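Let me give you the structure first, and then I'll get to my questions.
Chains: A, B, C and D, in written order; residue numbering restarts at 1 for each.
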């Protein structure tokens, strides 16, 4: 019952997936790796006892591969996911599912035609114990209905290729997914507010992204890619009878040199290490057991649609409505 | 060198001021009290060794009174403050200075004509050790320029007379003052966002009030008068190189019955007990020493002007610009 | 490369091990289960696709079993571990290794005669991320030498069979192991102090167990089995240049009904869920790779020896020296 | 009704008292100052509008002085307090009341002969809001009886004149008083435990001081004068149904340079600023109103007696019983 996984993309994210799958996930093993850079693929394949493939399509097609992780550059996602659907193999695709809504709809069309769900999108935060506890508190009913979700998403320093649009489409997209998942409803409207720019940023940073949910709740997201002090994700769900707030995980408090507190990591991986492990385990379990977990292709499409509306609002300075295609019954 | 203080208004707030002044402030004593309800005035006067006056105007005029606290109902503030100015006596006026900008401008006109500052408005949060530490961190330069100020203002249950407009004009007005004081600049534009209403609220509650400061910083305020769990004020100042966040004061953590944590008070007075004491001491010191402290009549006017813009935005659903009169040199 | 594990003991602890091994550990599967109560063994075996064995010895001997977990009642541990050693199969034995030092020494004798380490004792806290971070801080040298370790070990309610001696031998024994591991040295002397007894306890509870380490550091342990409010483990390592303190993991802070805080679980399993998973993974990795992890048979012996000294001190009211046998080179 | 206060001792502590009394206390003013160093006395007297006295005895005797603060070097306390008693003037004496129990008993004899309480000892922690909340929680009965009090008392760096005995007699003496006050009973036995010494310390530092209270509760104190990271006082009261723990006051959390947390001060004064203000106010109120507040001469004697037992235990390495004189009815 060990699922044989093929990995496409042997960069930072792919390497992490390979390591987690090979050391901390039950019921799976890494069978195949491919990357545009053959030496990177070979390195990971060697470390994990997998076979390196020169070509992603051959990896998808190979009989030794039962399920695929797509962790290659964003523009390649659509074609690879379509390839997996054509081969009828389950696929965990790193976000974004597609770089445009058109790409995402193409995938939805193919999966709908197939008639069963094979695609999971890598919105790992749904598996973070903190977010899960927050959703558990909401779903328990003890706090009443959710009214507001405050989000903070901070990176220490933005990547050299970051753009003002990317603050929304690449970073805040995680909160977009969390908001839809938390409230169980779509985003109706997006408004982007631009405070004065940090002198550490070469683009519009920070931004405040406001979202009106279809049911009337409001989500505000501070997205700040150059906060300097570390990677930090926070959130507070404000309900009718109380609130639930994320606590950044930190095993110890240090008292040293005049200060008492704890450290923030330089990037997102330590913060969401547990989320990635649990996400991969849930994906493998779903592959083994047949019932889908995590974000669907529809979720991937909707997140991209909301991000597109956000980018439009950033450009016009006015609110932008989110207009979604009709939702196929497959995703109900 | 003991300042003899007259108190107008012997309700909850006036009673607190009387108690603090008589037990915890250096260099002052309560000399006179008046209230529309003579028995309330007599009770406080008796407890503090002061004289009860049947009439506020007579109290202001009396030679035994050197400085006046106005804690009577909001619509009476303007006339009483003008009376103090006419008598050339320093006055600490509870917020709001006037219920309209027109009233506030009348006071500013009188004080400007007098040529010296005698009016302090009771925005006590400026004296809260937490806010003071936050401003100290900003002014130190260690965090770089301020970019965003996140505010949360929650009351357990709203008063029976609360209104949707009052969420802004009576509650969020504290954050309006804090924002102007923190950044040292005026509010340029206000946008009120309305999430779905709590089923515990008979009005639009909660609200999110967004403010663009003149220099480009953005302030967001969650104002929520029926949060159910207690009185809670929070804030985080997001700067170019770090952030500073308020910590609700609580002397102990309790571990009991499955829970670890601390309690929130039912109203604002325990939360800001220190702020009120320090505010009164600073006011008495300024009366004794001549140099003004705290919020000026201009600050009171500007806060009311921003609140008026907020109410306009709430009604129209669109952003409202804040247009202020020219600022007299007296307030520079 | 999947290790086939046999489980002896299908109670609460054994059931947890079976579940974790079958759902969250890489490279292993549960192959066999036995229990004095055959129906309990059958239930777990059925759920995990394992074979139920009527007899523990047969399970150890069976070729389908490559490694053994001993989670049966304490008095059975010694014979079962000796059986595993005789069969030359790696064994993870729940604490205690033996109920007396004599039993532990018998195991050490057998393992030493074999000439290689096959025994790991289930002191799972060594794998807790908080304790690991604390030890990491100490080993980094940033805090200087460790001088004091304060420990708090609280259970909500003691089991019906708990005794005053068991407070030390069954509960504080975890801190005894942590202290030896943290400082990398043996305990030299134990002194048990008895405060007045809680009216909720039918035995001497709480207790304070003081330990002088061989190198001069001091460890104090508050062991309190009837604290009423929940399961709570805390610790602070006090060093020459700072301190490190455990933070109980909790994904969210709740604000509700006047309180802000988080909950404590009713028993130890949620608190140490991560520790158990990591412990099992490390054990499986060591079985697969050959190099031992976690607490050795020597560690199990030493913990029992310290607990015995603690029980002696409890009875006499005076300090008790810890006298250990010579340490075989196998454990260096 | 303004109490005219004379201050003896114009050092760090005396200067603080003068400043607090002159700026933040109701109903008092500094009337007179004396110090062995006349220029120090003159500086404070000038700043506060008081008269400098060349001689402490003349200050006590002067008709302009109604109540006296003794903040001069420890060995002078006894004679000055006796002088105040002879003059029948209330006196707030900084701890210790006397440097030996014999000195303290001499004062108790004089006050008892006088037949009314005029002496308050400056154990200011009783007025700290945190400790007061802890005692409030205990006295409410919600937590059941107190069983253990854990205390931590850390200074950044010890003074050049500090000694191993002084760790107990000058530092831990604060916890000795807090323990007696918290439990409302005497200390029966003291045991001092010595961990290995910090390489930053030129004496036995840290120490653990264990106290058995007369009623059976146990108090443990970590006293550590060279912890390097700052001044830090902590405490947790462990009761039958829950615990209460001090939270160091800090108005804001800072996130900066990879860290999230707050700072500790370099010495005790910021930590206990509120305690000193409230203590002085309570003393002035008691002088004005006649009923004593805070620690009595008996409390000062008992604390010194316990510290002497602690020093004896430090020297012998064995527990030391505390033997108190009969308690005069004046202190019931």
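The rule we apply is simple: a residue touches a chain if its C-beta (ideal position, glycine included) is under 8 Å from a C-beta of that chain, and two chains touch if they have at least 3 such contacts.
These numbers were taken from a predicted model, which means no experiment stands behind them.
Participant: Would you say B-D or B-C is joined by more C-beta pairs in contact?
Facilitator: The greater number of contacts lies at B-D.
Participant: Of all chains present, which has the mean Cα position farthest from that of subunit B?
Facilitator: C
Participant: Please work out the Cα centroid separation of subunit B and subunit C, and write it as a whole number of Å.
Facilitator: Their C-alpha centroids are separated by 56 Å.
Participant: Counting in whole Å, what is the centre-to-centre distance of subunit A and subunit B, each centre being its mean C-alpha position?
Facilitator: 43
Participant: Once you find the CA centre of subunit B and the CA centre of subunit D, what distance in Å lies between them?
Facilitator: Each chain reduced to its C-alpha mean, subunit B and subunit D end up 37 Å apart.
Participant: If I count partner chains per residue in subunit A, which residues reach a count of at least 2?
Facilitator: Those would be 227-229, 241-243, 253, 255-257, 262.
Participant: Flag every residue of subunit D that touches subunit A in the complex, lowest number first.
Facilitator: 227-230, 232, 248, 253, 255-264, 266
Participant: Where on subunit B is subunit A touching in the complex?
Facilitator: Touching subunit A: residues 144-145, 147-148, 150, 193-196, 198-200, 206, 208, 210, 212, 215-218, 220, 222, 224, 227-229, 238, 240-243 of subunit B.
Participant: Hey, which residues of subunit A end up touching subunit C in the complex?
Facilitator: 2, 22-26, 28, 128-134, 137, 142-143, 241-247, 249-257, 262, 281, 285
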